[in-house]
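In what follows, chain A forms one complex with chain B and a second complex with chain C.
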Partner chain A sequence: MPDLQIERIYHQIETELSVFSNQLKKLEVPNYPIKRCQEIIEKLIEKVEAYKDKIKLILDQKDDNPDEAVRKLITQIHNPLVRQDVKFLDWLRGAQTQNVPWSFIPCIEHLAQAIIPRHELLTYCANDYNYGITWSQSASSAPYPYTVLSLPRLHRTNILWHTIIGHELFHPRCVDFIKEHNEEALTKIYTQCEKAFRSKENKGLSRKLKEEQLDRITETTHVAWCRAMVELLCDMACVELFGPAAILATRAFAACSPIEEMPSPENNFYPPRLFRFEVVWKYSMDKKKLVAIYTKCQKSEAIDCFKQEMESFAELVSSSEGAALLEKHPLAKIAYGEVNRFLYRANVFVKRTLPDTIERWHSPKVLGQIPKLLERLQKGVPPNELVVRINKSAGKEKYETQSAELSAILIAGWIYETYWQKKYDQDAEIMPYETISRLLLKACEDIQFNA
Partner chain B sequence: MIDNFMVERWNPIDSAAMAVSVEGLLYRIIHEKPHPFDFEDALDNGIDFLQEAGNGGAIICGTVESPGFDGTLSPFCWSTDAYIEFAPEGSERRSDVYEKVVTTLKEYRLLLGSIREGRIPEDTNKVEKIHSFFQKLADVLMKQADPTTRTYSHEAR
Partner chain C sequence: MMSILTKQVILEELQRGKTGDGLIVSPLRIDQIGPSSVDVHLGHEFIVFRRALIASFDITDDKLSENVHLYQEKVRISEGDKFVLHPQQLVLGATREYIALPNNISVIITGRSTWGRTGLIIATATKIDPGFKGCVTLELMNGGVLPLVLYPGLRVAQLVLFRTEGRSTYKGSYKWPTGPTFPNLGKEIEYMNKNKHC
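Take a look at the complex of A and B:
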């Protein structure tokens, strides 16, 4: 490789580093809801300096082997910078206070510290109509050492939907389950694929082709198993934390999506929504505790609407059409046969893995809070606390209060949402959706502030 | 909830950088040039990579010595691609090829280990062979790590 090529690449990288550095300096100016964002910027600026030092070392040795120098400049500086580090520019822009549901960020942080304590979270709003989480095992690939949680930008303040973070934050924990059961599942899948493949008419194929085809089929089926297990584990975790709020949030988020879409490479082998609903309803939802919500709350139209909504969900999943759908395709049948075999263990794993420090929706404390928080919300008051006792002394009233639990706030919010959906068009007096969101966001901010 | 993913320890970007470093280091040994600045890191990463690839291969061949492999098969797949590039084409059974790759990877790992301990093999043929392997591996991985082929211009539908 001629020296000219090294010079060209070096000058290009120098420009890239300089522009990246300037962008980072601009990102230092705005406000962020957590200190970590500023730390990230500082670390990236340090990384730019480290890149510069490395370039010097590479160029010092370029005369020994110019080809090596070129390849090192590309693989050790250019590629990591343009493919990895640059991602932080978008993440940081989307993580600025004005671009995220800032009053909910402390709650997300609190939940993340409990579920994935070793992960340092960066929450941002992305253009994608989706929730997502990314983390890295590599020491040099983004977002290492951080974990990036993304929320849909157009639903920034839609806190009721953000119940789904319970699903997202569990993703990194699924690795342990998959590691534990991967070999067992893969062996079974291979055996069943081989059996199914042999029974087919494929006599014309050479041995090598047959082997290759079987490999591909096994791999695809295994990916489908793996993807289904991870999504179902996360769904179970979200329901274990937030109960009916998790179900209603997932259903609302997926309202515009097909619920019977079969897993395929086009949809990254995601399990059909309908099947996911069936699984969480069967394995994770404590129906007795759901009835306890109906009975503990005072009879009201809101509770009737909520009950109706939950009953309609129960009806949707009662015929197990999602599971039946998966039986129709031979490979899906193999993958989901294995999924079904692991569901009980998955539920045990989720319950065991979620820390006790998070108050779950079915705890007596949360169930006791929901009716009172709903009353506050109906009155247009943030559902942030409960008055436990009023002490009267020296002619003054002193309120003794209990801070609300996140799951209780979200469930109360969702109960009210079901009522709002029914009433909004008919009753102009009812508060707009934005106001419900603001009251709930305020409540979430308060509980973390008090904590 | 699409787009949830974990960046693996051995992803194409990190692995390409590792392969280039090891390739450069071996070139310097063959041509009696001074050690590169990243001599130790390159060897450590190269050995780790070969270990992971070998473990993955053992899973495929069904010859796992100790259970509990928690890595990925990517290093083994990339290594197999690189191996096939310079190994003679034959009508061998696929499982035989995999076994050969696993044996070769172990051999290379031991060789890198002895270099790390300061024992450079007298037979430069061995070093040349492993150099060619890492060169091919670097080529395979640099294609995968190339940012210009990650996206493409197309009509929005």
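Take a look at the complex of A and C:
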């Protein structure tokens, strides 16, 4: 019987490896915006060869212990192939040049090298209506040793939304914060849960059952705390990098979801959007620098629209309804009570962890660039650079430019977007949204060229 | 009378572009500006024709305009990678530079003679109207006998700028392109049909 089973499993695995190999070969075309994708394919092809060698070894020893051979074929070849390696086929297909915002990929790479320097990034567009990042520390699980960043496919060229990568790329950095504060938070959460649990009537439950229930409640509350902390840390990082662009991008992305949705197992304990907005507005947004944008830019309808949009956001978060909402649920109250205790530390951690090599939105350089880039965009020109000096004197001719910073491009883009949203129906001459995106993408391409 | 702009005048126009509605060529370095022209580079995008999926190129074919993606494909070549243009092959490329012309300056784009001598024909529709904004689509054709290897960033063409008599606004169908643009056949068909009924 094991012999027949070995044969069957061997043939199945052989087919799987052959199909996997063929798919990889089809993906080998030099059609990626970064060289790393080709390296991944090469490594996977090497892995297939290693699997084949391993199969040979297992089959050579099968007569000694057929059951063990079956187990090895399944656990060492079949499972990693179908559970982990196969994922790369979709990732690589989605990472091909025509499937990603290719002009923006070098900017993502640049940011990733600064924020998560030890991670090798693979950016792809997925069918999910979401941004996501996946990485693993363990060699036995995909996408080790890569970090996979996904963007929503239907919004491939919507670069304004891609401001959210500032949030995603910070995810791996949150591990350190959680590690540092986890025990303290867990102890407090346990104490709070115990207090709440004791105050309730739990008659009829044995001591053991009571303890088990308390553990479950503590665990759920802790998961909610953990998830909230991670998301808030990443939101703070995004705002620290891109300021109002981060806020407008997150708000635009969340426009189709309920912003008051409470954390639950169904939504992976995501904190309510409204609460997230309140936190970043309170802790991360430098309002004085925001006013500096209004005043530095020449008075225009675009600036008025942007100001209105930011004021409406300020009004949305002013009543702290998101925080109040969480107070109503006993476990959320405990989890978010702990979250609130860590927010100041979280903000300090984010500011300290983000490298100085990235020009942040509130730096004098970026604030100085925004008005000029906005002017270019209003003229229908990519906001890629600033003309610093022109000398026309014969023999001394000079034409000096300064490359635009990514955060300045995105903020100028968002300022124009707020104007576009208001004027689209009224102004027949206004650029289509796709054109705004293309001009911004072109700017991102050019800044890499200038660099 | 139309006159070709010299380096100093080009710089003056660029100065105007910095603050108002003057000339913009971007990205740009001083060494691209010659005595009476501006050198431009080949961009990253190309449009290649898929011959297998089209019987002939007939603009009276109703489906031609809407099925443009069936027989033309956009290809993106990364920095340092090559694009091989075979003898007699026509592809569309674009300048890396995005230009914005004021309404009294027109441009003629010409191939650089270095490339002309290898058989590379850079552009056939060479005139750009005042008021145009965008990357200029280049009709790249290998008229030589050997395949030519092209790289993004090659200095392939130059812009010769003229001041026009009077002012004009661009009303063409190619608005704000940032790469090579598929031909707008719909407009041609519309024009032909309109004149047929006259």
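Convention: the second predicted complex is superposed on the first by the 445 of 451 C-alpha atoms of A that agree within 3 Å, B and C clash if a C-alpha of one lies under 4 Å from a C-alpha of the other, contacts with A are read in each partner's own complex, and residues count from 1 in each chain.
By our rule, a contact is a pair of C-beta atoms (placed from the backbone, for glycine too) under 8 Å apart; a residue touches a chain by one contact, two chains touch by 3 or more.
These numbers were taken from a predicted model, which means no experiment stands behind them.
**Student:** Assess the superposed three-chain arrangement around chain A: do chain B and chain C clash, or do they fit?
**Tutor:** fit
**Student:** Touch test for A:E28: chain B only (first), chain C only (second), both, or neither?
**Tutor:** Neither chain B nor chain C is touched by A:E28.
**Student:** Have a look and say if chain B or chain C is in touch with more residues of chain A.
**Tutor:** B
**Student:** Does the superposition put A:V82 against chain B (first), chain C (second), both, or neither?
**Tutor:** The first partner, chain B, only.
**Student:** Could you say whether A:D3 touches chain B, chain C, both of them, or neither, answering first, second, both or neither?
**Tutor:** Touch status of A:D3: no partner.
**Student:** Please indicate which partner A:L439 is in contact with in the superposed arrangement: first for chain B, second for chain C, both, or neither.
**Tutor:** In the superposition, A:L439 touches chain C alone.
**Student:** After lining up the shared chain so the two structures overlap, which partner does A:Y399 touch, if you call chain B first and chain C second: first, second, both or neither?
**Tutor:** It touches chain C, and chain B stays clear.
**Student:** Calculate the angle at chain A, using C-alpha centres, between the directions toward chain B and chain C; round to the nearest 10 degrees.
**Tutor:** Approximately 140 degrees at the chain A centre.
**Student:** Have a look at where A:E49 lands relative to chain B and chain C in the superposition and call it first, second, both or neither.
**Tutor:** Once the two structures are laid over each other on A, A:E49 reaches no partner at all.
**Student:** Given the touch rule stated above, what does A:E194 touch, chain B (first), chain C (second), both, or neither?
**Tutor:** A:E194 contacts neither chain B nor chain C.
**Student:** Nearest CA pair across chain B and chain C in the overlay: distance in Å?
**Tutor:** Minimum C-alpha separation, chain B to chain C, in the superposed model is 29 Å.
**Student:** Where on chain A do the contacts with chain B and the contacts with chain C coincide?
**Tutor:** After superposing on chain A, no chain A residue contacts both chain B and chain C.
**Student:** Hey, which residues of chain C end up touching chain A in the complex?
**Tutor:** Residue list for chain C touching chain A: 7-8, 11-12, 14-15, 17-18, 21, 24, 26-30, 33, 44, 74, 76, 78-79, 81, 96, 98, 100, 133, 135, 153, 175-176, 178.
**Student:** Help me check something: in the complex, which residues belonging to chain A touch chain B?
**Tutor:** So the residues of chain A touching chain B come out as 57-58, 60-61, 64-65, 68, 71-72, 74-76, 79-80, 82-84, 128, 130-144, 150, 164, 167-168, 171-172, 175, 179, 183, 207-208, 211-212, 215, 230-231, 234, 267-268, 270.
**Student:** What residues on chain B touch chain A, complex-wise?
**Tutor:** Touch list, chain B to chain A: 1-11, 13-14, 16-17, 19-21, 23-24, 27-28, 31, 33-34, 36-38, 59, 67, 69-70, 91, 93-94, 138, 142, 145-147, 150.
**Student:** For the complex, give me every residue of chain A touching chain C.
**Tutor:** 30, 32-34, 97-98, 102, 376, 379-382, 384-385, 387, 390-392, 394, 397-401, 431, 435, 438-439, 441-442, 445-446, 449-450
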